[in-house]
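Following this line, the structures themselves.
Okay, so chain A shows up in both of these, paired with chain B first and chain C after.
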Partner chain A sequence: MNAVRPHRLMIVDDSNIMRRKIERSQEIPNVEIVGTAGNGREALELHASSRPTLVTMDLTMPEMDGIECVEQLVDRDPDIRILVISALADKATAIEALEKGASGFLCKPFTERQLNDALVKLIES
Partner chain B sequence: MSLQGEIGTFVSAVLQYFDTAVQQAAVVGTPYLALGKPPEVFDYTGMIRVSGKRKGVVYFTAPKGMLSVMLMRMQETDMSDANLRDLVGEVANTLSGNARKDFGRNFIISTPSVVTGSSSTIGYSPDTRPIVVPIDWRTYHANLVVCLN
Partner chain C sequence: MKRRRNSFDLSQLLPVVVATSFAAVLTLLLTLGIQRAAQLQAASSALQLASELRSLPQYFGTELTLAQRGLEARTFVGEPLADIATAREGFDKALVRIDADLEAAGLGESADIQRVRGALDAAWQRFVPLLGALGRHKGSPYADTLAGSRLNATGRALKADVDEALTAQAAANRDVGGALKDLAAGLQDTVGDRGRSLRTFLVIGAAVAALLLALMLYFSLRSRRASADARRAERQVADILGTVREGLFLLDRNLSLGGVHSASLTRILHADIVHGSSFEDLLRPLVPAKTLATAMKFVNLLWKEKVHEDLIDTVNPLSQIEARFTRAGGGVETRHLSFAFRRVKSAAGQGEHLLGIVTDVTDRVQISHELEQAKAENQAQLDLVLQLLRVPAAQLQSFVRDSDMALRKSNAVLKQPGREEGELRAKLNGVFREVHTVKGEAAALALTSIAARVHQLEESLVALRERASIDGNDFIPVVVKLDELMSYLGGIGQFADRLSEVQPKGDTLKSVIPPLLADQVMGAADHSLEQLLAQVVQETAAAHSKRVALACRGLEAIPASYRKAAKDVLIHMARNAVVHGIETPDRRLAASKPETAAVRISFEAVGNEGFVLTVEDDGQGLPFEKILDTALRKGLVTPADAARLERPAVYGLIFRAGFSTATEVTEHAGRGVGLDAVSQTVRGLGGAIGIATADGKFTRFRMKLPTPAGERAATHAA
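And then the complex of A and B:
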């Protein structure tokens, strides 16, 4: 029997409570958390070592913001699937994130159900 | 948009945070103008600065006990200062997000910042009159302060 390779999730958010909330929330089968990062620069370093296939990405972060990080991650790996999770709920921000290569957008604050639904959509996209 | 409508945007952001992230509704008290003395500042304050069509500051200020219980409701076990700052910063983040969505480009909204200590002074222009919106949750009391010219 062939084992299904798990999706490898990296969580990027400058808020510790948000990172922990996402870690606790995700109950989707076959998703393994490979690491968390507090800003875009840390995320790029972690990407190099842990090769995630899925990413949850905050936008407003110190050092390197989420939009720039999305662009660089997609540049490195065009198949990576990125769910932007941000309180910046205006259309222009969402469109910019999608144009840079994000696959989905979830507004903060969110419920566990909304996060899981968004991750399932991301996996199925 | 009228000032009343703008205040509604910020009130909705705070209520949305309680409803969605904390999963327990907060209640809005009767807003009042803080005349004569500055509005009360609690242990942790998350704020955004606004410029453009209007200038000023908007902040959510709450006591440590309230934020700690909010974290518990969110299944967070770490009640450290860093996490309490994080939480009040996330509320301010929601204020910022709602303002950008509702007000568009007429307003420039800063990234949220956090100050701690009930003796903190929040700087605002003397020609503005702060409007205090009491936020009650369980037995706790916090304030949303909208101070725009």
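And then the complex of A and C:
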């Protein structure tokens, strides 16, 4: 947390409400939100331009889903830390995302505190 | 981590390092001691030789004197001369040995000793040729004459040499003796030195050996203590593992089970735990194949450094599983198990093992199920009470009476004799009709909880009716359910009776429950309708900077079944009157009207035909042009129609859905719930609305309502 360089957070979720919720809830001092994306393709474009170090990732999205996006992001930056945020309908899908290189999972719905705790742990991992 | 590892190794190595260095020191000391001892021995030997040699010059003197006297007496001198030669050779040899001893004693380089040794040599070399000269004479020294023996030439020469040697002997005795004395003194010192030095080495050596012994004792004690600690720790670990209720086990990277596990593990999993067997095999009998595959993937995630173990807890497919075990005495037992996994962080590094924790959570799961059930039941109870409170107690009582009668009738039907299939079916149909009626009545009174309950019974009757064949035994569950339903309705009957005590007029509850709940339960009670309307009018007027006085009449006479509708309609129309009908105070003053406007609401009976509900204001009247304009804009009328429409028809347009002349949406009007809602409510009650208005003077809505059906029914029933 005391690192000189701030952590750069990208929010990926197809729901506008969820993106805003994450943006508003995030209150870790050393984390700066570099942008939000509504699907996997946008996320990859945003990654190219703003080089995030942290990502919150929805799994079910149009155009390119979360799993594929996780795979491609990790392919481009092996050090990137991804927190999958999704409703817990299918544990196997969440596990697949973690196998592809995500670092953690947060279950929807979540409280502000749960999100912030998860982000702190994401930075630690 | 690395540092700790080194220090750990060093502490292990310490005894070895210490013992080795002590042994090295000891060896060095002993070597030096042996060297010193050898030097001491050599020095002593040299000293002894030097001491022995000191008597030799004296000896030469004696022997020379014997030879001199012998020559003078013409006796045989061969013996003293031979002794001198032998002693001279002995002296030479002794010198060589002294040199060797000096070398061995490490004095070869000693300047003092060498100087003394040099002086000895010089003294000896001065004397020794004289002794050597004695040996040159061969043959007898005597010549025998008649006068006796006399010295011959050889004798004379010999005598001269002996005399010369004897003369030199005193000096030699002094010089050689002095040099030997000095040498002996020097060697004495050396012997003392070497002796002290040897003693010192031996003392130090003994001290070092004692220290080494002490250290060895210390290390051996320490290692004994450490192994005792290790044994104690091992015992404690065994105690913990034997006592802990959770099943604890270790997994290595191949997901094989470790050798150590808690005793509970065997009990919880009903399986023997074999060291080195695979976790997957252990899990296989407990979970479906799909869960097993997901679980193995999940556990493997924990080896990934990038994954944070706390952030994947929620996706653990083994966090709660339902396992079936065969009981020892036969039968199957269902247990709920929860598996958790932690990375083991040890001093030797991270990620060598995973700690698995299994807990039997059956009790917890059951409690949570029971809690959920209790919650659902509570909710159902609350729903039921709310539903009951909406129905007037008298109606509720009559419903319970009727239903009870119907169910008793059903019971009686079921008890009638009849074994034939046809008879049974007739009975079934009879019961179904009765039950269905009860359900219909419950639904009509919006008692959905009761209706649902009756529906369940009806369902089982339907299921029975659809069966190919039935016999008398099939009715037993129906009778049981019927009994249950009757006792359930009996409870509701008691509730209705108590409700009637607090509702003397047969109304729904009004004063016994707080207004907020009352509003929620059954709409605002009538006695407060006037107050409510006054509040609505004043708030709306204040918000629009208008001054309004409200006058109500006859509202307490509104029949119970109209109250909810009347409240909705009046609140809406009162707001409408204030917002749209009444002008602002300055406009009223400009039109020579009183600053405070009047809104009048009245409810009155019109003979036997019904009632009239009137809402009237002394405002600006309905704006004909504006209404037409709006209707045209919103497409409610065509321009062609607009030209033909009479005034009353135009006024009627304000009751059409989607009509709102308010130019801005306010809290009080213009929210899209237009007068059409009012019109619908009134028409729903079988009534009609009439409008009277005069520009700049007033607007009056008259709602004609028929005598309510419920009221007629109630009267009829009574």
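Rule of thumb we're sticking to: the second predicted complex is superposed on the first by the 120 of 125 C-alpha atoms of A that agree within 3 Å, B and C clash if a C-alpha of one lies under 4 Å from a C-alpha of the other, contacts with A are read in each partner's own complex, and residues count from 1 in each chain.
FYI, a residue touches a chain if its C-beta (ideal position, glycine included) is under 8 Å from a C-beta of that chain, and two chains touch if they have at least 3 such contacts.
Treat the numbers as computed from the prediction; the structure is a model and nothing was measured.
For the composite obtained by overlaying on chain A, chain B and chain C can both be accommodated side by side without a clash.
Looking at the shared chain after the overlay, A:118 reaches chain C, while chain B stays out of its contact range. The vertex angle at chain A, taken between the C-alpha centres of chain B and chain C once both structures are aligned on chain A, is 90 degrees to the nearest 10. Residue contacts after overlaying the shared chain place A:99 against chain C, while chain B stays out of touching range.
In the superposed model, A:107 lies in contact with both chain B and chain C. Of the two partner chains, chain B and chain C are each touched by A:88.
By the touch criterion defined above, A:28 reaches neither chain B nor chain C. For the pair chain B and chain C, the model built by superposing on chain A gives 6 Å as the shortest CA-CA distance.
Touching of chain A by both chain B and chain C, each in its own complex, is seen for residues 88, 107.
Note for the complex: chain B touches chain A at residues 16-17, 20-21, 23, 71, 74-76, 78, 82-83, 86-87, 89-90, 93-94, 96-98, 100-101, 104, 111. The residues of chain C lying in touch with chain A in their complex are 290, 294, 297-298, 300-301, 304, 306-308, 310-312, 314-317. Residue ranges on chain A touching chain C, taken from their complex, read 81, 83, 88, 91-92, 94-96, 98-99, 101-107, 118, 121-122, 124-125. Across the complex, chain B is touched by residues 15-18, 20-21, 24, 60, 86-90, 93, 107-111 of chain A.
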